[in-house]
Amino acid sequence: MMRARGLAFWLLLLPPVLWLGLLVIVPHVEIAVLSFSERVGPRLYEFGFANYLEFLKEPLYWRTYARTAIMSVLVTAITLVVAFPVAFYIAKAAQGATKAVLFLLCLLPFWASELVRTLGWMILLRETGLVSALLQATGLAAGPVELLYNDGAVILGLVYGGLLFMVVPLVNALDSLDFSLVEAGFDLGGSRIDVLRRIVVPHAMPGIVAGSIVVFMLTVGNFVTPALLGGKNGLWFTEQIYAQFITRFNWPQGAAFGLLLLVLSSAIVWIGLRLTGQGFGETMRRG
Amino acid sequence: MTNRRFNLALAGALAALCLATGAEAQPLRLLTWADYAPKDIVDQFTKETGIAVEVTLSNNEEMISKLRATQGSGFDLAQPSQDRILGPQQEFGIYKPLDLAQIKGEQFIASMLEATKKNTTVAGKVYGVPHIWGTDGLVVNTKLAPNVKDYSDLCGAGLENKVSFRTKRPTLIAFAFAAGMDPFASYGNKAAYTAMMEKVGATLAACKKNVKFFWEGKDPLLAGLRSGEIVAAMAWDTGGWKLNGELPDIKFVAPKAGALGWIDTFAIPARGRNDKGAYAWINFNMRPEIAAKVAASAGNFTASKGADALTQGKLKQQFQESFPQAAIDNIKWYPAVPAGIEDIEGKVLDRLKAGS
Amino acid sequence: MRRPPLRGPAIQMTEIADLSLVRVTKRFGAHAAVAAVEFDVARGAFFSILGPSGCGKTTLMRMIAGFETPDEGDIAIRGASMRGVPANRRPVNMVFQNLALFPTMTVGENVAYGLACRGVARGEQEARVRAILSRVGLGEFVDRRVTQLSGGQRQRVAIARCLVLEPTLLLLDEPLGALDLKLREHMKIELKRLQADFRTTFVYITHDQSEALVMSDQVAVMNRGRFEQVGSPRALYRDPASAFVAGFVGDTNRWDAEFAAADRVRLPGGALVAGRRFGTASAGPATCFVRPESVALAADAAALAGLDNRYAGEVVSVLFDGANSTLLVRALDGGFELRATLPQTGALAGVEKGARVQFGWAADAARIYAA
Amino acid sequence: MGKPTRAWKLYVACFYLFLFAPLAVVAVFAFNAGQYPTPPWRGFTLEWFVGTGALFGRPGVLRDAPMLASLLASVKVALPVAGLAVALGTANAFLLERHDFPGKALLANVMLWPLVIPGVILGISILAFSSRVANGLEDMLDADLDFLRPGLPLVVAGQLSFILTISTLVISARLRRFDRSLEEAARDLGASAWRTLVTVTLPYLSPAMIGAGLVAFLMSFENFNTTLILVGSDPPLPVYMYGQMREGASPAINAVSLVLMLGTAAIATLFALVQRRAD
């Protein structure tokens, strides 16, 4: 469009280059470099693969890694399944004001801080908490029930945290679904499952992918929820990174872990996009 | 066409960033533990010296990691434990040597001052002086868990889901002693130390069925002990005595293997900007009447000479009950931790937490 | 094919033209959107540029307004070259196709915008805004949001916004395009009235020949970056200088044909048509035009005896449209079809599909151009 | 499928119950007159908001100095983040929507990366990099470069690294819908480029800019993952709250949570109003 590049162009180019250069790209190069440095003595570091070998050698680390990956995918899937009927209801079954209200109500909890939401679950689930009290009061449980500090609680918290980011893109995608297509599907003899599988889901695919990527990223990179709801048996990989940086002051090891997590999340996002044939740019702009 | 506006905005933002970080070097920025700088003490100090105090609460690992991240800047005075100075100092150089001439040595219990100086000496320079000390041992509900006499008893039968300890290095050290090993003697030998820690890790992993939760903050632990959800825990002495005041069945027990004695120090970060304030705070805090108040606030003992005369009788009595002379002699004081040891321990602790 | 530049005949050379273009060319890549266009617009004239979409008329207008720079040639306003003068310094204002009213401002603020840019004092701004708005019949709408106005009102705001600046030249870029048919008809008259009222020179571009013909003093017909003809609406209609103009201006029957003689062509079906030839070629392919209203219809052949071209035909369909009704007729042995105006008062007013009719036209009414 | 079945409606109702249950209990137990935010209910109190600490051993949040200090720290971070996110996001939008240059598609793509980088990793990478720069520069300049060390300026930078992506997307989307003939009209009426920008383009963009600013403010205020790594001696509210939550449960945390919820609700409402006006 503008052929001539004036001063304005270069001045506009400066901030994004500084931003992406100094806050995104170079720092990641830095942790890549850092992750290949190996301590050989006090304040003495050399190039080496020790940090990655350590990751491979120590079952704790790669198990946590795999656990985080698997649970994140699981959480994403559960979130999708939980959110889909609601999104479909908002997009297609609810009308007028109800629709707007339902949609807004959906957004509301997520303006509250993640910590606040997690606190809510802690109050509900802990042994002395509300759910336990209710179970005892109704006679469903004989004594206090500890629902906190286990993987179930973590998954619950993570699914809860991801719902908004799934519902919104799903509603957006489903909103544009022409309901006569669904009717045509039934008219041509399709069953509910057929129509869902052949018409609704393909139409919602961009929303499904956008929502899934965001939820997956939020889950895999989460810290608060597993740390506060998780039990004595569970660790999230972000906690490992945090531990290396903050409680063990072993930056090279932490950098290696960070890079591994980045590779993991990028790979899964990439696979997801590949499997569903969606593009990164469009998907992220939509999400 | 938009250049001028954004240029201005950018310049303004940068200027704001610089301004926000510069200037105001006056207050003493203290990196310390909970309850070590109670408000009335801080107010009194400010009144006497005119120096304001900004308190940041922390613990050993965080202190080191914060100072490591800032290369020793951001704070003017820190309070790491005496055994946690040598290694990080060698590795990261985060403290500056103390000018002992500025510290009123006569206010300290001499033996403790000497021991601390010795442990915090790197390349001939002293980096720490003692402030607060105490011991870790067992807090036991003697009615519900009468058999807990040593650390290893926490893993005994009948205590399923009823005990607690921290996933921190004192736990490893304690269980090593309880298993008849001497971890301190192996500090210099990494291979031996690793083997020892692995063994302790295995013991603790097997013990996990007994653990209700790994405690971190003191409130949940005390609440658990109060309610009886927890019947025995590895914890600090005055915590036990505090509960003892409320519920006589709960006692602090100096374990057979020996209580673990720790000393928190004063150390000045390498890029501290208010050394004058730091030394003033140290000297102010070691005055017996101040030290007694801080010790009471923290619920621990002080290295200030003469302060114990001012502490209340109850604590003294509890101390004597928990620590007969043999138990005092059996206290294991942490020697300085060499660099690298914490990596070994860390991994064992991670594994314990992750449950693999 | 190179044509000499065309000039409108009605320019008084004693006065400096309000707008003159000298061999203005604009290329986008290899494609010349505007090719060596030359014309003058006299002071106070309503000048239209008529052409199909993509003919370059918008580019031409944007060059006059200052949004594009000519690659060659010069644009002068009242004799002053506009080379290097940015859009905001030209004594030219433009009514945009979509009007481009500022949605964040009220009607008054929209109209005052240009005055504020010129640094006119606030009090005077207000007075002038009120004056111009009442002149265009929008006196009470000063504080209304532009989004609250109807299409015609918005149109008038857009024009008032320009006229308040008393420009030498007002450019209008298909401003009626977005309006519905009724309103468009109304606005044609309104625009003509405004122009007469303000005596501002209007340069109007459109692809709608009716708009151009109704309002303009002068019309330039543009095709593929060039001016085909400049003249009064009547001249364009009567004497189109090219096949393109003949086809584009006004309603017409058009046949591809072959020269049979200098003033005679043969239609593909074999019929011979006598006509008036434009240009010099007299052999090879040709195009022949006959306007529907030039076609005479009669029930019997005798009534058409005076015409050079006469045919017997059959009514294919009746296209009833009140006064504009036409018949679609097929010649019985010429193999061609044509449209003829059907007077609603004549003897054939009630003719039905399938009826036999006689039709014909004078040689002068048929125009032949070498293709 | 068109008409919702009863089971479907029930499911949706349960969903909303699930959605609001945690927030409701947080709010309710902020008023519990007990030491812990758990049943049984011990009566209504405002002590956790305005108490002096005489009753429960710790003051209400509105009198709790460290809590208020952390709130202030959050504001100190969120304001520059929001301001910079809007200013730079607008500049980015103009660059992407108004200029063509080689590598533009790549740049636009790279701008999206921060959305798929976990916050903790953004934190550690910025920490590691800034600390290397600081180590190098401090020796060279023989001066303390505190803004490159963990602390609020670094937190601002860390949060900006991904919030800027969002503000850029929001503002670009609106600029893309902008009808450029409005700018031409302004130029045509005699406005300079600068005047056109200020009187026509920016007013059009302003709902998106305000919206992006509010969203940036909220995201900054609530950010935990990146902040946790980059924080120095003055923790913003989420980091402080996290510390408190690890220490143990107390209705004081509920109280501050409720204050936080009300604050965010106010900002979210403002946001909704601005968006409505824009449409």
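List of remarks:
Each chain carries a letter (A, B, C and D) given by its place in the written order, and its residues are counted from 1.
The criterion applied here is as follows: a residue touches a chain if its C-beta (ideal position, glycine included) is under 8 Å from a C-beta of that chain, and two chains touch if they have at least 3 such contacts.
This is a predicted model, so every value here is computed, not measured.
The minimum number of touch steps linking subunit A to subunit D comes to 1. Of all chains shown, the one whose average CA position lies nearest the global CA mean is D.
Among the other chains, C has the CA centre that is most remote from the centre of subunit D.
The centroid of the Cα atoms in subunit B and the matching centroid in subunit D are 35 Å apart. Rounded to whole angstrom units, the spacing between the C-alpha centres of subunit A and subunit C is 61.
The geometric centre of subunit C is 57 Å away from that of subunit D, both derived from CA atoms. Touching two or more other chains at once are residues 12, 15, 245-246 of subunit A. Taken residue by residue, subunit D touches two or more other chains at 36, 88, 91, 94, 127, 246, 249, whereas all remaining positions touch fewer. Within subunit C, contacts with two or more other chains are made by no residue at all. Listed by label, the pairs of touching chains are A-B, A-D, B-D, C-D. Those residues of subunit D whose C-beta lies close enough to touch subunit A in the complex are 1-4, 8-9, 11-12, 15-16, 18-26, 29, 36-40, 88, 91-92, 94-95, 98-101, 107-122, 124-130, 132, 157-158, 160-161, 164, 169, 173, 218, 221-222, 224-225, 228-229, 238, 241-242, 245-246, 249, 253-254, 257, 260-261, 264-265, 267-268, 272. Residue ranges on subunit A touching subunit B, taken from their complex, read 7-8, 11-12, 15, 42-43, 58-61, 63-64, 127, 149, 231-235, 240, 243, 245-250. By the touch criterion stated above, subunit A contacts subunit D in their complex at residues 1-2, 5, 9, 12-13, 15-16, 19-20, 22-28, 30-31, 34, 82, 85-86, 89, 92-93, 102, 104-109, 111-124, 126, 128-130, 133, 160, 163, 179, 182-183, 186, 192, 195, 213-214, 217, 220-224, 228, 238, 241-242, 245-246, 251, 254-255, 258-259, 261-262, 265-266, 269, 280-281, 284-285, 287.
Residues of subunit B touching subunit D in their complex: 1-2, 4-6, 9-10, 13, 16-18, 20-22, 29, 31, 54, 56-57, 66, 69-71, 73-75, 216-220, 223, 271, 273. Those residues of subunit B lying in contact with subunit A across their complex are 1-3, 6-7, 10, 61-62, 64-65, 68, 88, 90-93, 208, 211, 213-214, 229, 339, 342-343, 346-347, 350-351, 353-356.
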